[in-house]
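Here subunit A shows up in two complexes: once beside subunit B, once beside subunit C.
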Partner chain A sequence: MIRFERRTHVPFGLRLAAPIAAVLVALAFAGILIAIAGAPVLEAYRRMLIGAFGSRLAITETLTRTAPLILTGLAAAVAFRARLWNIGAEGQFLVGALAAAALGSQHGLHLPPVLLIPALMLAGAVAGALLLLGPLALRLRFGVDEVVTTLLLNFVALLFVSMMIEGALKDPLAFGWPQSVPVVADAMLPKLVARTRLHVGLLVAIGLAVVIALVQARTVFGMESRAAGLNPAAARFAGVSLTGVLVKVACISGGLAGLAGAIEVLGVKAYVTTDLSPGFGYTGIVVAMLAALNPIGVVFAALFVATMFVGADSMSRALGVPSFIADVIVAMSLLAMLVALSLANYRIRR
Partner chain B sequence: MNVPVVLRLEGITKRFGALTANDDITLELRQGELLALLGENGAGKTTLMNILFGHYTADAGRVIAFSRELPPGKPRAAIEAGIGMVHQHFALAANLTVLENVIAGTRPLGALGLGSAAARTRLAALSAKFGLAVHPDARVGDLSVGERQRVEILKSLYRDAKVLILDEPTAVLTHQEAEQLYRTLRGMAELGLSIIFISHKLHEVLAAADRVTVLRGGKVVAERRASETTKDELAELMVGRRVARPHRESQAPGAIALRASGIDVGTTLKAIDFEVRAGETLGIIGVSGNGQHTLVRLVSGLERPTAGQLELYGAPAPRPSPRGFVAAGIGRIPEDRHADGAVGEMAVWENAVLERVREPRFSAGGLVRRAAGRAFAREIIERFDVRGGSEDSPIRLLSGGNMQKLILGRNLAESPRILIAAQPTRGLDEGAVAAVHGEILAARRAGTAVLLISEDLDEILALADRVQAIVKGRLSPAIPVEQADPRRLGLMMAGSWEDAA
Partner chain C sequence: MMDALDIFASAGLWAAVLRIATPLIFGTLGALISERAGVLNLGIEGIMTFGAMIGWMTVYHGGDLWLGLAVAALSGAVFGLLHAALTVPLGLSQHVTGLGITLFASSLSYFIFRLAIPVSGSPPTIVPFQVIKIPVLSDLPFLGEAVFSQTAPTYLAIALALVIAYALARTPLGLAIRIVGENPHAAEAQGIDPIRVRIGAVVFGSALMAMGGAFLTLAAFNSFFPTMVQGRGWVCIALVVFASWRPERALGGALLFALFDAYQLRLQHVVGKAIPYQLFLMIPYIMSILALLVMARRARVPQALMQPFRRGER
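Presenting the complex of A and B:
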């Protein structure tokens, strides 16, 4: 008889294999859908890879898409580790973008570029953090479930952005399109590769992933927030201030999501529209889960998700398969990952 | 013997992963017999009873009740065959009356009305026959623990149970309530019921049972008639070797280290007074749920008194905070090591230093000094003989006893001036109990003031110099342990301090 037996320790190789297996399973399932849509499955996936990595331009486009996903993925991973269920990265992304755009325009801050860019990134992070501190305060004071408040604030944030770019921040030169006044040229992030959209925001995102990994592993705050997330009662008994941990975690999580918005404005668009984010905040949750909340893993999960989205567009153009297949693959790999993570805790015994 | 066998377990084997909880167990119960199932935690007693009752399915073996084999995994079949089970944690609805609780689940879904008139008569008859007095219209939430247990037993009897299984029935009872329960069970057996009760307490097994089956490591290691065995023999059979609990030697206490005067905490603790001196152990005895939890939180720096004063070493205690109390030389062993004492997924060394991580020796500039933390953990592992993992393995891999030794160790390694030990041996096996008791006595010998909060009479009698009882958030006056016997402590735990005096 085959039996499942709980492992006492999950080896590193298996933890690495789980997400890879999950992705393969998702690709296999999505292959069925592609076949139903009437396209050759392997050719579709080949087109997808070419679309994402087939040229210099394709690679830079994929990496441009990766940068904000790393940051929103980190935002979710950091919060979830401390059991702060921040579903509001989308809204924090938008207010971060709006703050950077407002202060970076010709009516905003006047600073030399070396100071201006960090100041605008900081402004975005602060705006994102503030949007998360509200729900946290409600949870700490009244026990309001932050899943609901952060989720609903996404819509409030979107409508607020809409109001601002139709009103106070509206660009008079945009032929009536609702978009904000663009940021000044000095505020734009330097390009990593000339004549592409890829900007230094990617390096900022990767750098922050490393910093967060180190903070979690090596600092007192990292140790205390891990304890608070894993067993709040024991952390409390050992003298960890749960409130203090949650406030700091909220600042980091909201800050990362806000920074993602600021970087998207300063690196790519220069202005804010209501469709600035194709769901970066929500997708960040998927990225974090695929990475099993590991900050370094987030970088790779973000790259995978960006590959799917960029590649699917080109597959869609070449073969007429709907590009929604990318959403299906990403969603399925999340489901498969959740299954794989729990299976990784067991071994098979005969 | 020509008394019929009512229940027979044959070759029961049950594995959970690599663990064999029951290994080829065979036992018999005759009509009118009181059988005790004795064994340490993890010996497989509860697993066996859960198989018998159909909660678990055995990997091998059969259950035969009244000469008919029971289908595995069907509690309803067990009930219909006349088997009743009283769990350690009662399954009663607190907002319903006794009568409603007893009827619940016995009426078909489509039945009109509860048929409560007939049920009332029947319940009254059962109450009278078996000496289980409870008021049928009392709300269960208002009843004492002992009364609730009677309701549970009545529930089984109402369903025509001929065989009654009780899982650790005295764990939540005072001494007097427990004696009352034995008398009731004896009477029930004389009326023809057959009873199995699970226990790890030697004295009650000897006092109450006809026959004792000892389980160890999932196997039946011995069967004895209660009249033909002794406490020492049973202890050795249960543990598998001779275990001697360490002995307390008398010594003169020093200055007052911890004093509470007139402390209230909300409505859970009322006008608490106690003092503990250096080199002395004060035992607080009580049935769980009488305010011990809040008392532990108070002296651990997690709770602020709403009235009264807590003094440390003769001066008012600082603003309560766990780390402030740790820094003031208070070692704290929480009641529930899994919930409060350890973060299971974190490494042993992280659990060892968590409450001191902000001290300069364990961190500098916000960075954890991992080498120092590991060294501290290694020192504890060595000195306190913690087995089952290294300083880097997750603490959840340690057994309860070893986890407790680590928690003790992280406190005692710092030679605390005060030690708060809350239920320090709950759920531990005899070997670990002896080790923990030894360490607590060693700390007292070294001049630590020990506040021992326990519901285990034997533990209090073995370790404490003076004893106070906690009842409904109040503390009795202290008595020297020399004047404490089970009867007197039982009265104190029931709140009758004047009778006890």
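Presenting the complex of A and C:
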């Protein structure tokens, strides 16, 4: 008789195979949709690759898209590891962007550039963290599930941004378009590659992934946040203050999402509109799951997701397949990854 | 000029309350049944979006309005089966799976819609469900216009709420669903298969969610556009908690919620530009959070909610 037995240790090869298998399943499913749309499937995927990596400009565009996804992916990974279900990265991203834009405009902070940029990034992170501390407080104090409150706050945050950019922060020179006053030139992040949109925010994001990996592997806090997620009762028994751990995790998670928003403003757009984020917050959840919550894995998962989005845009223009195919691939790979992860946790015994 | 309190005296407000409440009643009942059996379904937002799209698409391509509603329900059931397959026998995280279903169902809706309907200046429309005036009752002063002049799906939603309330409380099937949600091992000892009951509850609940979405495109509006569900699914999840997992209270909660929504829409016209309109639009979401806050401690949560059931394991 065949039965399934839980593995005590998942080998590295299997952990690496899970996301690859998930992505292949998603691409196969999307291939059916592309065929239904009347386009040659392999040609479509070839054009996606060319669109994402086919030229110097394409590569920099893909990497520019990767930077915020690394940060929102880390935001989800850090929180989910401690079983803090932060689904509010989208809203945290937006308030972070708004904070950076407000303080970085000519009416905002007046600091030398060396101090101004870090101050604005910090402001974005603080705004994001504050937006997550609210739902956490409701969970700790009243037992309200943070999934629903963080989801609902995404809509509140979007409306708040809309209110501010049509009100106090409206750019009077934008011909009536609702957008915020732009940040000053000194507040803009230096470019990594001249005459492209790629900025140093990518390095900040990768650096933070490394720092978080080290913190999780090497520090007491890293161990405590893992314990809080795996077995809260045991963690409490071992003397871990769950409240303390969750507050720290929320500050980091919300902070990362807020920072992503700040960096998108300071690195790419210079101002805030309501469509600043094409779902970076929600996509961050997929990035985190594809990486199996591993911070270094997040960098690669973010690159994959960015490739799909940038590549699909270009493929769509050439072949007429709706670019929403990228969203389908990304969502499908999340579901496939969940199955793959759960299968990787078991082995077959006869 | 109308005063802020005069709004309550207009029958139009109360008619709007029932209209706004309808998708919430469908969605909340769907989420409630699934949770009573022990499965949280965060796929609701995406399932509602898909129902809105596929229901509209069916009618746009010549189908009958009722066929549109049925196709939407069927599509919801399929997504429900996917959610159930992943969370019940496989026991995957209900949170993350549900979010995955939402991302999958909504992106698939946008893809199919964009594929079938090329971008154009004004979105194509259909002829939606028309108001049915119930004979005699609709002639009543005030109540006639407020309550008895609605579209057919609204009457259906209210009837469903009452039927489901009765079925959950008084029928063997309802009892089976409740036991599975409270203690699946005890249910199994009684000869009930918890896995089958859970899968059935999720599939049925998801069909209701999709019907709620379809109401938006087949009755409330006459066209489909992306992001039209606007967080209504999440509001439904909050309403289930507010209703303390009881269908009759879910009906009341959805109506109360819709009252605030309908009121804020009219209040906007009264106060004009003095207050930014975004503040009014925030009200439904903030109301939902407050509802959770008020009820979180008092609500009777199904004891096995989000606990995967594995045969022979405790």
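What to note about this one:
To be clear about the criterion, the second predicted complex is superposed on the first by the 340 of 350 C-alpha atoms of A that agree within 3 Å, B and C clash if a C-alpha of one lies under 4 Å from a C-alpha of the other, contacts with A are read in each partner's own complex, and residues count from 1 in each chain.
In the analysis below, a residue touches a chain if its C-beta (ideal position, glycine included) is under 8 Å from a C-beta of that chain, and two chains touch if they have at least 3 such contacts.
Values in this document were obtained by computation on a predicted structure and should not be read as measured data.
Set against each other, subunit B and subunit C touch different numbers of residues in subunit A, with C touching more. Look at A:327: by the touch rule set out above, it reaches subunit C but stays clear of subunit B. Applying the stated contact rule after C-alpha superposition, one finds that A:122 touches neither subunit B nor subunit C. When the two structures are aligned on the shared chain, A:137 is found in touch with neither subunit B nor subunit C. In the superposed model, A:111 lies in contact with neither subunit B nor subunit C. By the touch criterion stated above, A:231 is placed in contact with subunit B alone, subunit C being left untouched.
With the contact threshold set out at the top, not one residue of subunit A is in contact with subunit B in one structure and with subunit C in the other. If you check the complex, the residues on subunit A that touch subunit C are 33, 36-37, 80, 85, 87, 138, 142-145, 147-149, 151-156, 159-160, 162-163, 166-167, 282, 285-286, 289, 321-322, 324-325, 327-328, 330-332, 334-335, 338-339, 342. The touching residues of subunit C, counted against subunit A in their complex, run 42, 82, 86, 90-93, 95-97, 99-101, 103-104, 106-108, 110-111, 114-115, 230-231, 234-235, 237-238, 241, 276, 278-279, 281-282, 285-286, 288-289, 292-293, 296-297. Listing the residues of subunit A that touch subunit B in their complex gives 3, 5-6, 8-9, 218-224, 226-227, 230-231, 233-240, 349. Subunit B meets subunit A in the complex at residues 17-18, 300-302, 321-323, 326, 332, 334, 339-346, 350, 354-355, 357-358, 363, 366-368, 370, 393-394, 397.
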